[in-house]
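What follows is a set of structures to go through.
First chain A sits with chain B, and in the next complex the same chain sits with chain C.
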Partner chain A sequence: MDNTLKVAGMRKSFGKSLLFTLPMFLITFMFMTGGKPNFSDPASGLAMLTAFLLVNVLYFFMHYTGKTDRYRAVLFIIFALSLSYTLIHNMLEVRKSMSFSQADILECKIPFCHLVIPMMILPAAFTKSIIFPGSIISGFANISSMVVLWLVATLVLGRGFCSWGCFYGGWDDGFSRIRKRPVIKKISELWKWMPFAVLLMVVLSAALTMMPTYCSWICPFKAVTEFERVTSVESATKAGIFLSLFGGLVVALPVMTKKRTQCSFLCPLGAINSLSNKITPFTVKIDKDACNECFKCVGVCPLYALTTDDIKAGKVSLFCSKCGKCVDACSRNAIHYGIRGIPSGTMKNFSRNLFLFVSFLFMAIFSSGSIINTFHGLLKLIF
Partner chain B sequence: MTDSLILGLSSGSACLATCGMVMFPYLMAGSSGVKRIAVDLSLFLITRFVIYFILATLSWYFGQALFSNPVVRNIVPGILYIFFAVMLIWYSIGKNRSPNCPAKIVKTINNNRLVPILLGLINSLGFCPALFIILTKGATQGTLVQSYLAFLAFFIGSSIWFLPLPLAGKIRKKEVLKNIGILATGLAGIIFLIKGITNLIGGIING
Partner chain C sequence: MKKVKIIAGISWAIFCLILILILFPGLNSFSGSVSKLPFMKLNPRYTGGEIANQVIQERCTLDIRKPVFNGFLKERTSGFVQLDWHGTIPEMIKDSIDYDHDGNMDFCILVDRKNSKTVLDPISKKVKGVVISTPTSYGWAVRIGLLK
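Let's turn to the complex of A and B:
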């Protein structure tokens, strides 16, 4: 059994792969169509069909080829691009601009995103108020649904949320794949702790000022979603920070390092998700008997989550986002998806199948709305 | 007050991570029981409080004398903020960061009741970029009370980290805490760098 795995990896036959795709096929069909596919508007129908096929074909290939990250990344990147498209489209339709005014803040019309969550905790605990100017239960990207989605995903996937659920991660993931070889090869270990420092600063500053300081001053993704209207030196400075961080951490550094630098060195939610890795059922494990210490996995890890010491010790660090890149790189299947409590090196196929089903289903459902929206927009543009 | 508190909180964590292990044995030397530890820690914190009170007064008076011209008052603090903020950022990312705590000097003093006071003195007068920034802030406040409030916020922010000092020996991942503290200090530097730049631009536009 183990020898077969070493040679064939996690590949499955065509028929078996189809069988594994069937539950995904049925669930995504129900979610995307509500059980009643509607082709009265051909553009909407075609967009839905394309999104449905895309999701299921990618999932099929994950099983058929035994590769995870290659197909996960396709959907993850499309998710990030389509969500930005959907957000911008929504902004332009509702307020005719990507920027928001003070009136929009006062009327709580700002779409909520999960990056605000760490900043909400202390003010909510002490003052029973939410410091974000968004809608709590109604409207586009409301606070309660986003918090529940993030909480469930994080409890199940841990930092896996950052590679399977975050609608921003696809940006630097995408840019990190542009070059074949990195220009910058070594970055100090110290920087891995930066998200925790950012978390500390934004949590404290948000609690002291009762403002979502990360969104107001730091978030690089303001450059591709919505931002404060530039009317003063302060708002111009903010816009400068957003653009510089987006250009630096989301575009330039990922291209030069082949790593997800925004996720590795800035995102405060990533820090919280890393801590949740300690309690989640799914993990990435190292089978020390199968490992020949080639350290290919260390080189490909996009989040600096693996070091040679980790491999020698037979454990991955808490920074792991379960993207599967290391798993794909290992020709001996020594690094694999696992389930907490089950020893490493055992039940590799079962653990991978279960993890893929849960994580991919989450991403497919979470992303389907914005992907359909984007395909619909593109079809309308073309025809 | 918020930015002073953040500066204190961020630099305090790095300060504790660097100096906690040095100060702990001296603060607790010869101690017998919680009461003695509490007395030593109180003496240490009171000394810091008194020093900051004096610095708040001095910086404000010097600020009144030096920044009497409105143009200078707008522009010079901006330049000082930028300069000290760059120093603070350099401290956090620079490879030549001194790994030693200045409080090590107390090793040369025989263990006695003066030690917590001396440690408080050394700690509060250890001229680090964070202190230069708060001195600049104190110097540019409109009233003496505002200067006191800025220093009080800085004192509170940096002192919070010293309260669990008796438990410092039990912290397992000291290196991680130190790294996070140092990076947070660098981030506080960036906050003041931005503050300095906006002050300077505002000063030039209004001047």
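Let's turn to the complex of A and C:
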């Protein structure tokens, strides 16, 4: 088949794209407005309307252009920025500082994030308790709701969580898009196993010390959320580690390699999410009959999830985050979204439509609160 | 077999679609159920432990919590006891504490809140030092390191 025709197969007409956007439009409308848009505070109303239009326009373009990653990334990056804005804004309002104090730890007021989950498992199983100074059920980012959100997202999306749900991933995704061409072209593939080593290390060290060691000592995203107040050599060392890892793995290396290096080489939750790729219904498949082995997809994959061997074998590796970058890059539509059980090369449109609806809906609703909050803050700054 | 696999795959995908559709409207009730699971409680290392004794003072109350020695598989040899003062707390807190209820004072503590200075006078050999001494939203909290 002619290449252009194959790409055109993923595109839809204007009317059909509108029709496909309608369910997203209605559901996000209900979630963002509760069914009753309120413009009594113009800034809040406008922020809500902007966020609502943003998600629906992006979703419409996914159908209309047949491209996925380009529009996914816009929302994913805005999500990461707005979540950091929301967290920092919250910290400054409540505590007048981006750092938390010993009292906040003692009173268990630290917001919980999904990266703590791997470290919770062993202590929860053996001591029947949670080793985190947060709130179990009440307040912002409480432990129970974050566990539910992550569990469902992992079951449904697998490592897709890392491109459609994680409010940190947008940082290195964003920086990996800054340069047109990479400065560093080759990094050993072996590094992609590093998150499993980090996972093992933090799970064991957390159990032994009864402390979420990754959060206390390693997490690069402390640099853009909240961290312990620097009052001692120990807290200064921690702040130094957070900032260097953020600067190195989230900013510098993604800019130079065009890859998501933090997510590929460090994040322990990414490792767990990769394993969950084995059970999720949605996958990325290779249609061997359509593939001419140009390996364009291998070059663009930001997570080192594709190798030339994978393409030859017709199988995407467990590191795949279903971002769609390779799918967009393939002019023959040979690499495509699929559903477990359905042979590759068949029902491509059906699989893509279903996957996009599920994954985009999750991201749109999950991100809407912090995006509205950020737009609201910006509008208040301007007017 | 191929057909069965296709039907199973699509059913699994549709189930996941439904799961995402009910996730957000049902989040509060799902979280509520998860919060009731037996392991969903904070470890005493974070809460400070249960209140073992409450001492009503002139204008404030002192909570002496149970010593915490929790470890992963077994209790540790070192831990802490947390003291919380709440109410109208004097500028200078001075208390003698018998944390193990054996009838003998284990340490004396002096907190100069204005200068954020805490002085510990250990009486028992099990008392190691001040781990944390900090103002809190309810008053003041101190953790004293202990040996078992």
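The definition used in the following text is that the second predicted complex is superposed on the first by the 376 of 383 C-alpha atoms of A that agree within 3 Å, B and C clash if a C-alpha of one lies under 4 Å from a C-alpha of the other, contacts with A are read in each partner's own complex, and residues count from 1 in each chain.
Going forward, a contact is a pair of C-beta atoms (placed from the backbone, for glycine too) under 8 Å apart; a residue touches a chain by one contact, two chains touch by 3 or more.
Note that the structure is predicted; figures quoted are calculated from it, not measured.
Considering only the touch criterion stated at the top, classify A:Phe61 as touching first (chain B), second (chain C), both, or neither.
neither
Figure out whether A:Phe25 sits in contact with chain B (first) or chain C (second), or with both, or with neither.
After superposing on A, A:Phe25 lies clear of both chain B and chain C.
Would you sort A:Leu208 into first (chain B), second (chain C), both or neither based on which partner it touches?
both
One more residue to check, A:Leu190. First (chain B), second (chain C), both or neither?
first
Name the contact category of A:Val147: first (chain B only), second (chain C only), both, or neither.
It touches chain C, and chain B stays clear.
Is A:Phe295 in contact with chain B, with chain C, with both, or with neither (first, second, both, neither)?
In the superposition, A:Phe295 touches no partner, neither chain B nor chain C.
Compare chain B and chain C by how many residues of chain A each one touches, and report the one with more.
Comparing touch counts on chain A for chain B and chain C gives C.
For chain A, what residues appear in both contact lists, the one with chain B and the one with chain C?
208
Residues of chain B touching chain A in their complex?
Against chain A, the touching part of chain B is residues 2, 5-6, 9-10, 13, 176, 179-184, 186-188, 191, 194, 197-198, 201-202, 205.
Write out the stretch or stretches of chain A touching chain B in their complex.
Going through chain A, the ones touching chain B are 190-191, 193-194, 196-198, 200-201, 204-205, 208-209, 233-234, 237, 241.
Within the complex, which stretch of chain A touches chain C?
Contact set of chain A toward chain C: 27, 31, 101-103, 105-108, 122-134, 136-137, 142-145, 147-149, 152, 155-156, 207-208, 210, 280-282, 339-343, 354-355, 357-358, 361-362, 365.
With touch defined as at the start, can you tell me which chain C residues reach chain A in the complex?
Checking each residue of chain C against chain A gives 2, 5-10, 12-17, 19-21, 23-24, 27-28, 30-32, 34-35, 38-48, 70-73, 82, 132, 134-138, 141, 143.
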